[in-house]
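Right, one structure below, let's go through it.
Labels run A, B, C, D, E, F, G and H following the written order; every chain starts at residue 1.
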Amino acid sequence: MEKAEHLLSNLYFEDIDYAHIDHHRAIRKGFPEVIFGQGKTSMQIIGIMETMMTRDNIILATRVDKDKAVKIQKKIKNIEYDEEARLIQLKQKEPEITGNGEILVISAGTSDIPVAKEALLTAKAMGNKTKSIYDVGVAGIHRLFAHKDIIEAASVIIAVAGMEGALPSVIAGMVKAPVLAVPTSIGYGTSFNGLTALFGMLNSCSSNISVVNIDNGFGAGYMASAINHT
Amino acid sequence: MEKAEHLLSNLYFEDIDYAHIDHHRAIRKGFPEVIFGQGKTSMQIIGIMETMMTRDNIILATRVDKDKAVKIQKKIKNIEYDEEARLIQLKQKEPEITGNGEILVISAGTSDIPVAKEALLTAKAMGNKTKSIYDVGVAGIHRLFAHKDIIEAASVIIAVAGMEGALPSVIAGMVKAPVLAVPTSIGYGTSFNGLTALFGMLNSCSSNISVVNIDNGFGAGYMASAINHT
Amino acid sequence: MEKAEHLLSNLYFEDIDYAHIDHHRAIRKGFPEVIFGQGKTSMQIIGIMETMMTRDNIILATRVDKDKAVKIQKKIKNIEYDEEARLIQLKQKEPEITGNGEILVISAGTSDIPVAKEALLTAKAMGNKTKSIYDVGVAGIHRLFAHKDIIEAASVIIAVAGMEGALPSVIAGMVKAPVLAVPTSIGYGTSFNGLTALFGMLNSCSSNISVVNIDNGFGAGYMASAINHT
Amino acid sequence: MEKAEHLLSNLYFEDIDYAHIDHHRAIRKGFPEVIFGQGKTSMQIIGIMETMMTRDNIILATRVDKDKAVKIQKKIKNIEYDEEARLIQLKQKEPEITGNGEILVISAGTSDIPVAKEALLTAKAMGNKTKSIYDVGVAGIHRLFAHKDIIEAASVIIAVAGMEGALPSVIAGMVKAPVLAVPTSIGYGTSFNGLTALFGMLNSCSSNISVVNIDNGFGAGYMASAINHT
Amino acid sequence: MEKAEHLLSNLYFEDIDYAHIDHHRAIRKGFPEVIFGQGKTSMQIIGIMETMMTRDNIILATRVDKDKAVKIQKKIKNIEYDEEARLIQLKQKEPEITGNGEILVISAGTSDIPVAKEALLTAKAMGNKTKSIYDVGVAGIHRLFAHKDIIEAASVIIAVAGMEGALPSVIAGMVKAPVLAVPTSIGYGTSFNGLTALFGMLNSCSSNISVVNIDNGFGAGYMASAINHT
Amino acid sequence: MEKAEHLLSNLYFEDIDYAHIDHHRAIRKGFPEVIFGQGKTSMQIIGIMETMMTRDNIILATRVDKDKAVKIQKKIKNIEYDEEARLIQLKQKEPEITGNGEILVISAGTSDIPVAKEALLTAKAMGNKTKSIYDVGVAGIHRLFAHKDIIEAASVIIAVAGMEGALPSVIAGMVKAPVLAVPTSIGYGTSFNGLTALFGMLNSCSSNISVVNIDNGFGAGYMASAINHT
Amino acid sequence: MEKAEHLLSNLYFEDIDYAHIDHHRAIRKGFPEVIFGQGKTSMQIIGIMETMMTRDNIILATRVDKDKAVKIQKKIKNIEYDEEARLIQLKQKEPEITGNGEILVISAGTSDIPVAKEALLTAKAMGNKTKSIYDVGVAGIHRLFAHKDIIEAASVIIAVAGMEGALPSVIAGMVKAPVLAVPTSIGYGTSFNGLTALFGMLNSCSSNISVVNIDNGFGAGYMASAINHT
Amino acid sequence: MEKAEHLLSNLYFEDIDYAHIDHHRAIRKGFPEVIFGQGKTSMQIIGIMETMMTRDNIILATRVDKDKAVKIQKKIKNIEYDEEARLIQLKQKEPEITGNGEILVISAGTSDIPVAKEALLTAKAMGNKTKSIYDVGVAGIHRLFAHKDIIEAASVIIAVAGMEGALPSVIAGMVKAPVLAVPTSIGYGTSFNGLTALFGMLNSCSSNISVVNIDNGFGAGYMASAINHT
């Protein structure tokens, strides 16, 4: 068996020295490998994208700052880059809508929008209908309640908040749908770069809620899509 | 409007001095309020259960240790108590299966079983088909792969692990389905009562994953059910 | 000057070996010294109370558990002891109402009541009108809004919450009055014995809010009274 | 009721895409929304200010660094900008004195002055009489006692300190008035950017004291004003 | 040389299986080895004391709780045990006064006395004149100033405080002498078992100050004696 | 291949409901699975031992406290139990010496002996020659140098220390051999249950050193054996 | 003896004012002192290298960033500098292979390569055969299993991973050989600059594993060489 | 008394708006106020120096980086600036030697020298004889022992170390004199900018030791002088 395993698994991925590109992932996971841009050089990102382009319909690279993006755009045609979300997309064709319902992204403050947008664009790229509401934090909670109909209609909700991170709890208390809470690093002092928001969300007294890493808009969008495709 | 709001909301809940029982929750959330047993006296739990019994088909009380459970069982008939999961259930009739697919609970070690069981019983009580696999941690990863078919068939997976908390990452890498990671407080030294497992799970290099609080089997079961009912 | 300072300050307090009792405090601060019971023996508490009784109209001792309280009650007559709040009171006569408005104590959960009660009894003992609302946390936020009139009528609000600690933010967003936030140690896992609630409250996106130490119901009641006497 | 709530709440705020401006706040809270400048672009701040200008008498924007302030001043006339306090003010007319007594701001060190000034200017803008004493930390405590008369005359005291943060405790021990403690991020090593000062203040052995977030001069000024208007 | 080193060092200590008793220490350090009682069985403490008794004039064992002390007293005659300080002393004759000046121990609160006493008894045992003042914390700072003459007369001051730990800073600001700050674990919530006091002391804005571990009265007494013998 | 994998892996382990016993481990790893006793009931430990006894020559169970050990000894014959090390051993026959050199265990203090013994017994059980030196911490460093010959002769050194954890650094500076550092939870205050020792060891300025978890004597013994068998 | 010690030890090292160069280390430890470049000026590094060059066959300087390296290369001929690994090497002649087996370096992600390379180059410089596999993290675990033969053949394995740091656990579960785990600072949010990976590795449920400091590729290579030379 | 206190204390200090200069300090403390340069502008430092120059023989300003120093030197003549120690000195005449013995400063590594020098220059400025030994860390402990005579002759020892911070423990074990331990922020990963060294020093198993804040060379020099003047 070890032999068979060895042979077969060679087909699963391609070794380009600094990376093992996982071609099997689109089959196994329903979506190709996504490139985590942080800590990679623009040359490495280009190399990985060129290897993937031969097989995959859509390529995402996250956490790509503007400098790297400009270098990548010079080498690879037809890239879409969203500077706020720091997200690169390369599509052979637009993704079909395959998700069951609608994914709603809500942010507590204006400063949380970049993370919210990373979630939104990821969910869209993975074949989901999406909608967004921004700047409806708990200090003026009537702003949130004004959107009650949209909130109750969503299949999956992504709630993005920094500082005390109370928004996801309040939303989860209003609906049946699963809520994905995304803490952001917005704040100062004891916000601890998002840790306080994260811990607040993990301690939510609502229960239809789970949490992703700080500023991980991508992960929230990906998980929301997984839920929306069950 | 404030007047209307005031009048209506009085119907939503019942004030029994030490608790505001949220009768509206079964309508709004699809499941009645669940009693968080920790920090409440057995008398308070009994009082809340008796108020709820008049309206709700199923009542859950979590984190009820054996001493309290015995006292509650003396006052209220037909209670089911699972000592390992520390969960009380009171059902007028068995819940119907209303969830779409099957929820699978996997634990890394034998010591993680109590948390896994709390998740399992919660998901069952909320109308879901469930299955479980225990003690398949990453130190002998072939044990996990032996259950590949069951794992790939699940709609939602709850992965429970203490210590380094690596199991959910590996599972999420194998499947398309959403994975709910539950860190447990099993371990010593730098396990920090589950904090290391929690942080490991939040940093998973897989993306179809989100996390609940340490030892929060109940929350994982509840969120899994919310996902399984979308 | 040093001499004068030396002479005068000897009148300010009495040295009973293990304690310097600050007789000047009732004049300087408007209320006699309050005994912090934790870490003191019942004999020490009795000794301090007996020294104070000769001068002060009302004596409070906080964080006195039941065992100590029983011993103290055997030695000193007419003590009132609230077991939940762990508070001892000894009054020559009932305190007059001297505060300007009403102090309202709100708690998020049933388990937060002991801390809420410590705040309430302290504020009462210091000459304030008080009111309380319990178990109106953010997971069913309509329960809170139902009490809108009482909330808007208060001069000072003490908001007590554990877990994610979001309640004070929401309340402070509703009113003009100052809100004192009290984090409690209720919760588990990443609630870190109240630290998460504390940090959440310090990061409130509302601004008419300030915070006291975890489980410090006494401090909240005292500060509320100071505010209500300006 | 849901319908009415929906209609009415639309009047409360204005949605300008990246922000929901809360026009109801001046009525509900006695002061218009204050713009948190950190994490917002100068274009976003300008947009929000322009929307607010049509209705509100005074607009504050906090945590605006010099670069942003210069850009904003080019677009909006008559802005006052305090570089040390990083505060923008736009006033139709000077605020009337509506507060009951005087708010006193005391800082422990020269380096704490920027935070102290943010508190002072906020309190002034909200209609309060104010006074300040700077650089009277506990290492030469006679400097503090020299100002005893001013300190005892204040209605509300804001005490600003970094490093060990001991000043508010000593001040609160001297007076009846409520003391708002503001930790600053001044210090090095185990000052942990103000965390040590914060924790020291939360553990004050004086009781007429409560605390705001690290470097949150604005919050202290706002809360002091709320207290001074009860 | 290695040979010589090997031979000689054998004379320095005695190996009794579970301990290497350092007979050279009285010569090298001016005081015999002190037994750290925590984590040792009473049998081990007895064994070490019996080995030392043949050579050393005075033996100290710290952190010995009452149960162990009773067992040790049954085996070894003439032991003095202070339950509050948890200190065992065995003296062939009373230590001579060899220190230059007087060591003064000051505690902020009644609850800090056990740690203060451990420091006091240690300093006494090592041949120093000592004095103490208890319960003069910063919330009523005139109590401290009343003892100004004694404070200014001391050679070395040990200042013991829990909670916010501000006392040593204030004292060090008053004198030329070196101040040893001892944080205690007295407090709750964000006192973090003495960590807040420790960090406050390390950040003192006075400079003739240094710090020992939390509750380390013994270390403070020992260091004070070392200073008093220079 | 997936089929083959599935079939084969069933042979690797045995599923006894609450545990998957990994029979393949003795082949793959050179030593059978070791039972982690903490968090398991005595019945579960007995069940696992009985399943293993049919195949494995030696069974270890770690972190078994006395109560559980007594219950297990009643059910399973010929168990050796070391109470200090909390270790159960069940051997069909004594292990042969298969390791290349000698493993030396050194502890800094008397209180570190239980962890040191767990390491020693584990290394012995895995077929290694072992030796130990106890109570040679850095406060009297000549005690350590007296054992220089033994230290330089060892193949692998396990250095066990609590408090400041400096011993492994000093030892590693003396020899060529690999040093495994084991922090213990001995200490108080800022020892943080071994965290300070752990971090000190990770920051060693010597380089032939690596670290295991706090109090993990078993892991150190196991890793030392792995090194001694290369 | 003290005299002899004094005389002899003067031969052991050379004092060049800002450094004591330890010439005895090559004899005592089998490899000359390695220069820790961080926090040293290029002039200091040059000075130390020039002093060492007269005696030692190979000189390593770690954590030397590009700017410093360029300055050093201008002064000292024949330096090899690896920018990714930030490592300077100066060799009189190529090191002989003296280690017993092969050291294998495995990294979880592309971004972990700099740390992996520092380990690899260090091990090579110390006379070991080495091999490497990069980018085989647990999210696509079949990539790892494809290299099973190489992994099982290694004498010592260095496993480098950031984020959740799960790779070393999985590898250690597959082999008998000792595994050195190296956490890297790759990640964001709750990766805490490698702390989460570090703690995960310390809590590994595999036992033939030990850990070095975050990003300490050098230490891992050095320790692996020490193991490979036993 | 309050009046007298008020009058007199005005003589103690001078209020120059942003600073209260404490002229009484030279009398009370034996040394004039020292300017903490961090967080002050060069204009503020100049202002304070000019006010002090009229009265004080020696002025020190710490933590002054090069840019500020250059600006200050343009305004005030005869300043001595040490860039490594970041220390400004302004002397009317050289300080007399008034301390009893000699203060010895020892550093563990080359990178710790800036902190060591700040201590040395402070002690010198305060009238003490001083000596220094650099780069004698515990990884080659014979380098330390070679200086045994100098070490044993010192009245007070300042031991400076980063990383694991073990040096002060070893030194304190060798001598009777008081040892002041100074942790530095040198290191990476789990050195936590000096926190690990600090905690290690606080947990020293030697007892003639106390600790100052991380990188606080100034404080160590000041405290050493206070000790040396008893």
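We adopt the following convention: contacts are C-beta pairs under 8 Å (C-beta built on N, C-alpha and C of every residue); 3 or more make two chains touch, one makes a residue touch a chain.
Owing to the predicted nature of the structure, the values given are computational and were not obtained by experimental measurement.
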Out of A-B, B-F or A-C, which pair touches the same way G-H does, with over half the contact pairs the same?
B-F
Tell me which chain's centre, taken as the mean of its C-alpha atoms, is farthest from chain H.
B
Report, in whole Å, the distance between the mean C-alpha point of chain C and the mean C-alpha point of chain H.
43
Gap in Å, rounded to a whole number, between the CA centres of chain H and chain D:
36
Touching two or more other chains in chain B are residues 5, 36, 109, 140, 173-174, 189-191, 195, 198, 202-203, 205, 213
Contacting residues of chain C [partner chain B, same complex]
109-111, 113, 134-136, 140, 142-143, 145-146, 148-149, 186, 188-191
Quick one: which bits of chain G touch chain F in the complex? Just the residue numbers, please.
28-30, 34, 36, 100-101, 155-156, 173-178, 180, 198, 202-203, 205, 207-213, 218-220, 222-223, 226-230
Chain F-touching residues of chain H, taken from the complex the two chains share
108-109, 137-141, 163-166, 169-170, 172-174, 187, 189-192, 195-206
Contact residues on chain G for chain H in the complex?
2, 5-6, 9-10, 12-13, 17-20, 22, 24-25, 33, 36, 38-40, 44, 63, 183, 185, 193-195, 198, 213-216
